[in-house]
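Each chain carries a letter (A, B, C and D) given by its place in the written order, and its residues are counted from 1.
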Amino acid sequence: MRVALELEVPSEVAQIERVVARVVATCADLQVPERQRQFNVPLALTEALSNAILYGNAERADRHVTVRAGMADHALVLEVADEGPGFDLDACTRDPTAPENLEREDGRGLFLMRRLMDRVERYNAAGNVVRMVLELP
Amino acid sequence: MSFTIAKSGDVTVVEVEGQLIVGNRQELKQRVLEELDHGERHFLIDFSRTGYIDSSGLGVLVSLSKKIRELGGELRLANLNDDLRTLFELTKLDTLFQIADSRERALESF
Amino acid sequence: MRVALELEVPSEVAQIERVVARVVATCADLQVPERQRQFNVPLALTEALSNAILYGNAERADRHVTVRAGMADHALVLEVADEGPGFDLDACTRDPTAPENLEREDGRGLFLMRRLMDRVERYNAAGNVVRMVLELP
Amino acid sequence: MSFTIAKSGDVTVVEVEGQLIVGNRQELKQRVLEELDHGERHFLIDFSRTGYIDSSGLGVLVSLSKKIRELGGELRLANLNDDLRTLFELTKLDTLFQIADSRERALESF
């Protein structure tokens, strides 16, 4: 059985926890192992959602964020789409562990997403859909 | 997230319950800055009841730590579970913070 | 928050219970009232699935059935799509309570779907997607 | 679905547990037809532990009932909950079957 969950929320950071909780519940259904389910997935998803809400949608009330979570070929696929102009994932990913960045307050989001998931990529040409893939055993 | 603040000697101990993330990190920042305003200089954040911390939560810890140091104080962390420890290692923030295994150890060393 | 669940299964009647269980779990999340969740939804969905598997896909192993369950404007919307030629919902709906039909073994599926849900309609031109709507309080 | 068959005097009592639907109705049909082959004529199906019955499950009940009647026997139903009762009313099958409130009542009246 292929399973996919689709959620659409308004552009408010207060929505993040609800969305994450629902996706994590679906991960349990999909038998994603506990650690990934309790740590990698919620954290990576929180990062992608806050970027989508804050940068992509600029917290505008008329814009929404859409999340799709699903299973395909033994991998968990999470897609986070915003209604912003898109961005260049690679160009925007900084190394927060470099000495000059270590004490910065920002710039750890994309880095963490890439460390917590097996693949993080732009899913569409516009660049406002981020796709994260976690390979499962 | 909710948090509690208590004193242990001259150390202000903050316990974070739940996720420390973009939607709530400001609350924590505000409260610690108030304590700093009131003259407190030694801070310990206890994460034993914390789920995860996102990048903006980490950012708040970094900026609080900097401010506290500038005023001659110190911010220490305690009780990171394996996942949180991994998070600090991934971001190399384990090199920036004093991280103790237990609240007692952290308190001893101030 | 708009929530939608999408499931895809092979054309086997043995899959029906798993699909129904998962949709019913999502209905709990969506706060569909107990009676609808425990009776109307699973029964109507079972009927639509067995028709999709038996008639639409003729139980062919290379064909799949896709179910979408979601919330829109205070209504629960269930869509069941098969890969068959489609059919004319109205023309195929019989009245099983008519005296000449009462003792027939078949012909109660579409009738029940229409009694258990508020609306049952063809969703696409081809007629191989059935859409069922249940208004919620 | 699973079901159990027991005798109560000369009545064959079938209890259906779970859903009676397209994926499993044949099992039930087969077993009842076997009993009919062995000479049994009085049947009672107890639905106290049944979730729902789909149209193909209803179809099986209709066809069994017909066959049993043709051989001079009778099929009765018992313990339909509110939802199942609604289902029989919707389809007017409540006019085709003898439906009893309890197993005892159903047994009495054979």
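By definition in this document, a residue touches a chain if its C-beta (ideal position, glycine included) is under 8 Å from a C-beta of that chain, and two chains touch if they have at least 3 such contacts.
Bear in mind that the values here come from a model prediction, so they are computed numbers and not experimental data.
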item: For chain B paired with chain D, centre-to-centre distance based on mean C-alpha positions, whole Å; value: 66
item: Chain centre separation (chain C, chain D; CA means) in Å; value: 25
item: CA centroid of chain B to CA centroid of chain C, Å; value: 52
item: Set of chain B residues in contact with two or more other chains; value: none
item: Multi-chain contact residues (two or more partners), chain A; value: none
item: Topology of the chain contact graph, where touching chains are joined (line, ring, star, complete, other); value: line
item: Set of all touching chain pairs, with the criterion as stated earlier; value: A-B, A-C, C-D
item: Complex contact set, residues of chain C against chain A; value: 1-9, 15, 18-19, 22, 25, 29, 70
item: Touching residues on chain C, where the partner in the complex is chain D; value: 13-14, 16-17, 35, 38-39, 42-43, 46-47, 50, 54, 96-97, 102-109, 111-112, 115
item: Complex contacts: residues of chain B adjacent to chain A; value: 19, 21-23, 51-52, 54-56, 58-60, 62-63, 66, 83, 86-87, 90-93, 95-96
